[in-house]
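You will see chain A twice below: alongside chain B first, and alongside chain C after that.
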Partner chain A sequence: MTNMIGEAWRAGKSFVTGLNITFKEMVFRPAITVFYPDELDTVPAWFRGIPLLKTDLLTGEYNCTSCGLCVEACPVNVITLEWHQDPITKKKVADRYAIDMSRCMLCNYCIEACPFDALVMGMDYELCKVDPENMVYEMEYLLRLGLKYSSVAQPGPKAKKGALPPWVFHELTGATEEDIQDEAGFLGRAPQAKGYTPVLKAQYRKEETVVDQPPAPAPAKVEAKVAVAPAATPGMVPPDQPPANPGGTESGNKDGEEAE
Partner chain B sequence: MEQAKELLVNMGPQHPSTHGVLRLMVKLDGETVTWCEPDIGYLHRCFEKLSEFKTYPQVIPFTDRTDYLAAITNELCFVEGTEKLFGDAIVVPERAQYIRVLLAEFQRICSHLLALGAMAMDIGAITPFLYAWRDREKMYSLFERITGGRMLYNYLRIGGVRNDLPAGILGTPTDGEDKADQTIWGFINYFDSYVWPQWEALVTDNRIFQWRTQDVGKLSAANAIAYGASGAVLRGSGVKFDLRKNLPNAIYDRFEFDIPVGKAGGDCFDRWIVRAEEMRQSSRIVKQALAWLAENPGETMGKVPRILKPPKGEIYHRIEGARGEVSCYIVSDGGTNPYKVKWRSPCFVHLQLMPLICPGQKIADVIAILGSIDIVLGEVDR
Partner chain C sequence: MVALWNNLPHLVQIWLLGLGKGSLILVWCLANFAFAMVLERKVSAWMQNRVGPWRSGLHGWLQAIPDLLKLFVKEYIEPRNVDRPLFILAPLVGFLSAVLIWLIVPIGPGGTAMNLDIGIIFIAAITGYDVIAIFMAGWGSNNKYSLLGAMRGAAQMISYEVTLVMSIIGVVMMVGSLRLSDIVEAQVNRGFFGWFLLPQIIGFGVFIIASLAELNRAPFDLSEAESELVSGYHTEYSGFRWAVFALTEYIHLVGWSSIAATLFLGGWSGPNLPQVLQGLGNILNGLGAFTNVAGDAVSNAAVSIGFMNTGMWAWAVGFIWFALKTYLFVFLAMWIRWTLPRVRIDQLMDLGWKFLLPVSLFNIFLTGVLRFVAVNYNGLPVSLGSFTLRLLGLWAN
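Let's look at the complex of A and B:
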């Protein structure tokens, strides 16, 4: 009998202890809930979200050289790569670069395998799609998502050893299509021939003219721009046009150029 | 008319307290279990066969997914096994070794937190489970800062670890709770000063919880050894055997820690106590590793050939994972792919204890037993 009373006392005591702990937790401790759809949790800069394709902001070309190392490195074979060699530029052009995100396991091997800094692990973590077919991310979509990690990169193989860990390639630059510096550049542009020199847009060109002060090269540059611009017009995509322009003047410009 | 004496009850495959997709077939006589058999295979992903078609580095992300609650220890097992296969050709830098141990022990705390929380929830205490998730979330944000992934890290590499620890992740020994999700020291201090005492007061000392678990699901030491149990289940039965001490892999012989052993004959409460104690021992190891890592910068990746082709041979490597003895048997035929990978998962072995322990227990105790042996179905089926 005394044993039962003792047990009941102990049970009641532990019950009160539990209530005490939970009450303290409720009242005196900070709340840790993140109200997800309203506020997004922050992720570290090297978070492994989606593998995305990077763009060279100088010319708008994609960094990918269709070498296929990422395809080989992928343990689950989700990367599809089809390419052909351009007869004029002698460079490989990716006809199709698709990642099946429904099977991708975000292991980071493709990023580590890439020797040209063309892939980046994005920080987006909302990967849901209503239609499963949309889980195959095509090249254009990957490039568009990867634009905000892109920068004006010097072409060539990426540094293997640096201050940063080898898998921290991306800084969030927040670039948009407006930031492509080449006049003829556009998102998803195929790699250009080896000696290609980009003609920069006006706002980017200014800095260069300040750098080389001799007055003589400046007019030459303008001439070069005039010479190249019409040839490059057919390749341009609509987003390249300044959005502020009214439609009428735009078409008028085009007409004038064609007439020339 | 003949009256049926026994009733066959299916628990699962989607019973919420079965820790995954498990079907337990239980024969009941009244409320007493007379027969119990687990039915597994719902999560089979062909890991072992798949590994034969992947190169050695490509297998590492798959090992994450066997026991997804303690991914680092699985990676450690495969990576160390492969390094063993290479013999002296691959030398792992010391700093990488320390990082491995640090993360493995950190992962053990993380895994045990969930194990304890899930067991408490199985028994009916939902609050500890939420507290476990609260603290695990802090650990996961630390893992995320180190490795880039929250659960499935793919962080260890053959010959080292993928990258050094990011700056500032270690913290200083004075970091308090406010830095628990930013520095490892912060979490460890928070764990020692707040989390563990809270678990102690909330669950371990709780008389009602003790009633539910003491003298339930007893497993004798002889049976535990005979059935090949390992980890907390074996130590809960009173056998003092820990691979970290008895057959140290990595650099575990450099750390000071004790092996907790159950004293009441291997019931569910013993296993609980062993797990709770182990978390504290892991925290001790983590502190020692942190002290070393703060003072010794250096390389984290040894010299490794670009294409990994281990010499012909076979290797059996066993380590102490979070749930018990994780081991792998790798056969190499000299090519880039393993010829055969056999994975020994502790949960698979422990699940086979159910037919042994359960008969004679009450139906409600089956849940307590299942919680106490802490299975992850992903590892059972692989």
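Let's look at the complex of A and C:
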């Protein structure tokens, strides 16, 4: 009898405790819902989205040297790489770099394998296609999306000893095609010969210190840009594309330079 | 209009009245379903820090309309070996038993469709049909999950029905009538806060637990335990037949909540605006000790809207109180559902037979003794000088 009363008391107490908890959650905690199509959530820096190709903003070359390590590393063999050697520069030029995103499992292995910091896991997540037949993302598309994560490449080995590998916290620089600083630099430019000195666009030129002090990369935008870049046009961007409107993005760059 | 009505033959009058009341009850049930279903989803969302349905109208509060439309146009999938008559009839039987509750619930002063004198017993009898509906669905589906769910549902509902009626008997002993309108009247006559909630607190607790089990709601939703039996007795149902089960569930919920409100919270009784103002004026006047301008003004306002004490106004106020109290219980059921995990079937049976039934029997005994003493000795008057305390006054009339 006492057992029954005691048990009933215990049950009632834990019952009230539970009700109290849910009531507090209901009344005092606001909803954490993100109203997705209306507002976009920001993703953390270690987000593993689509693998994208990075570009060196100083010269406009892609970082990839067609070494093929990522192709080897990919567990599901979805990376296609075709290359030839440029007879003049003696460097490998990627003819085709494509990822079949319908089978990619976003495992990050290709990024970890790449010794030249040429790949990055993008933060974009609105990657749906109207035509699911063709989920093969070609080089131009990967490069164009990858621009947002590109900066001026630092010379030397990719990772210093003890430092965080660049794929852990990749940064969003928010760079656009206008931020490619070489006059001849365009999206999808093959690696140039050793000792190539970039000819900077007018807005990046600094009379005294052109060569030995490369200008700072475009400052990272405060808000993560998550909207997908305009759809890739077939074929590369023409090299004679006019330079960007002076006064737009580059004013921010100049400010950054002077602050240095 | 009245003359025309009086000239109609008696039979026609009865049929017309029945049709009118029936349609009203159906509309009222559907409206309650639409609201309670969205409320359930909203409450669960709030408790889980979400927002719930949001897109369809008024921040999602009209979600029931697109849901029902969708279910209307969906395909009826019927497994090959079903027992067809049982399979098709089951949702309708369940729906009927849920809707019939509303026949006798007083939703306002004198606002019952049928003022049956067997009241409570009628409800207990009607909800018995729900067991049959569940078992028909489970047996007719010819599916092991459905059958298991139906067996559990039948076992659970039959055993808890006993407890449920036992817990109501305490209230019936207080009133001396089974008629629901009499029960409300008795609570009105007991004066301020004369609800049966306090004198029948044990019966109230047992009633709440047992009606949750009777409704197959979490934590007692064993007959549709989705983690064990796909969705229990309505596993094989789709389209609008499934929707009828959903309708049944929510109409049942609101129906039982209205009965709980009627039995323990005084149903439609409650102060209306003039009475509230009068009370406020009295308090401002210090109960007549220091009459002042503000108190008088409030009292006069109460007198000037005194017409609200009668007629349609009183009815509307009663209805509002009724709806508020009903939805208090609806919310309580949802609150419990989204708080507690599901119990095991043996725990459920233990709770029902070994704990709730003895407790409700004890409640009957206790109510009898207390009421006998309180009525025969006029609430055991204890004199402290000039001040007389009526012990056990709660149980006297």
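Here is the rule we go by: the second predicted complex is superposed on the first by the 165 of 260 C-alpha atoms of A that agree within 3 Å, B and C clash if a C-alpha of one lies under 4 Å from a C-alpha of the other, contacts with A are read in each partner's own complex, and residues count from 1 in each chain.
By our rule, a residue touches a chain if its C-beta (ideal position, glycine included) is under 8 Å from a C-beta of that chain, and two chains touch if they have at least 3 such contacts.
Quantities reported herein were computed from a predicted structural model and do not represent experimental measurements.
**Student:** Name the contact category of A:172: first (chain B only), second (chain C only), both, or neither.
**Tutor:** After superposition on chain A, A:172 lies in contact with neither partner.
**Student:** Count the residues of chain A touched by chain B and by chain C, then name the partner with the higher count.
**Tutor:** So, of the two partners, B touches more residues of chain A.
**Student:** May I ask you to decide whether A:23 touches chain B, chain C, both, or neither, giving the answer as first, second, both or neither?
**Tutor:** Second partner only, chain C.
**Student:** Give one of first, second, both or neither to describe whether A:43 is in contact with chain B, with chain C, with both, or with none.
**Tutor:** It touches chain B, and chain C stays clear.
**Student:** Return first, second, both or neither, reflecting whether A:193 touches chain B, chain C, both chains, or no partner chain.
**Tutor:** A:193 contacts neither chain B nor chain C.
**Student:** Just chain B (first), just chain C (second), both, or neither: which does A:4 touch?
**Tutor:** It touches chain C, and chain B stays clear.
**Student:** In the overlay, answer first, second, both or neither for which of chain B and chain C A:75 touches.
**Tutor:** So A:75 only meets chain B here.
**Student:** Given the touch rule stated above, what does A:15 touch, chain B (first), chain C (second), both, or neither?
**Tutor:** both
**Student:** Now for A:35: first (chain B), second (chain C), both, or neither, which partner does it touch?
**Tutor:** Second partner only.
**Student:** Quick check on the output: what are the common chain A residues between the chain B footprint and the chain C footprint?
**Tutor:** Shared contact residues on chain A (touching chain B in one complex, chain C in the other): 15, 18, 21-22, 25, 32.
**Student:** Can you list the chain B residues touching chain A in their complex?
**Tutor:** 54, 57-59, 61-62, 65, 127, 131, 134, 137, 144-145, 148-149, 152, 154, 162-164, 166, 198, 201-202, 205-209, 211
**Student:** Which residues of chain A touch chain C in their complex?
**Tutor:** 4, 8, 15, 18-19, 21-23, 25-27, 29-33, 35
**Student:** Give every residue of chain A touching chain B within the complex, in rising order.
**Tutor:** 7, 10-11, 13-15, 17-18, 21-22, 25, 32, 43-44, 46-48, 73, 75, 105-109, 112, 121, 165-168
**Student:** Quick check on the complex: what are the chain C residues that touch chain A?
**Tutor:** Residues of chain C touching chain A: 43, 45-51, 54, 335-336, 338-340, 355.
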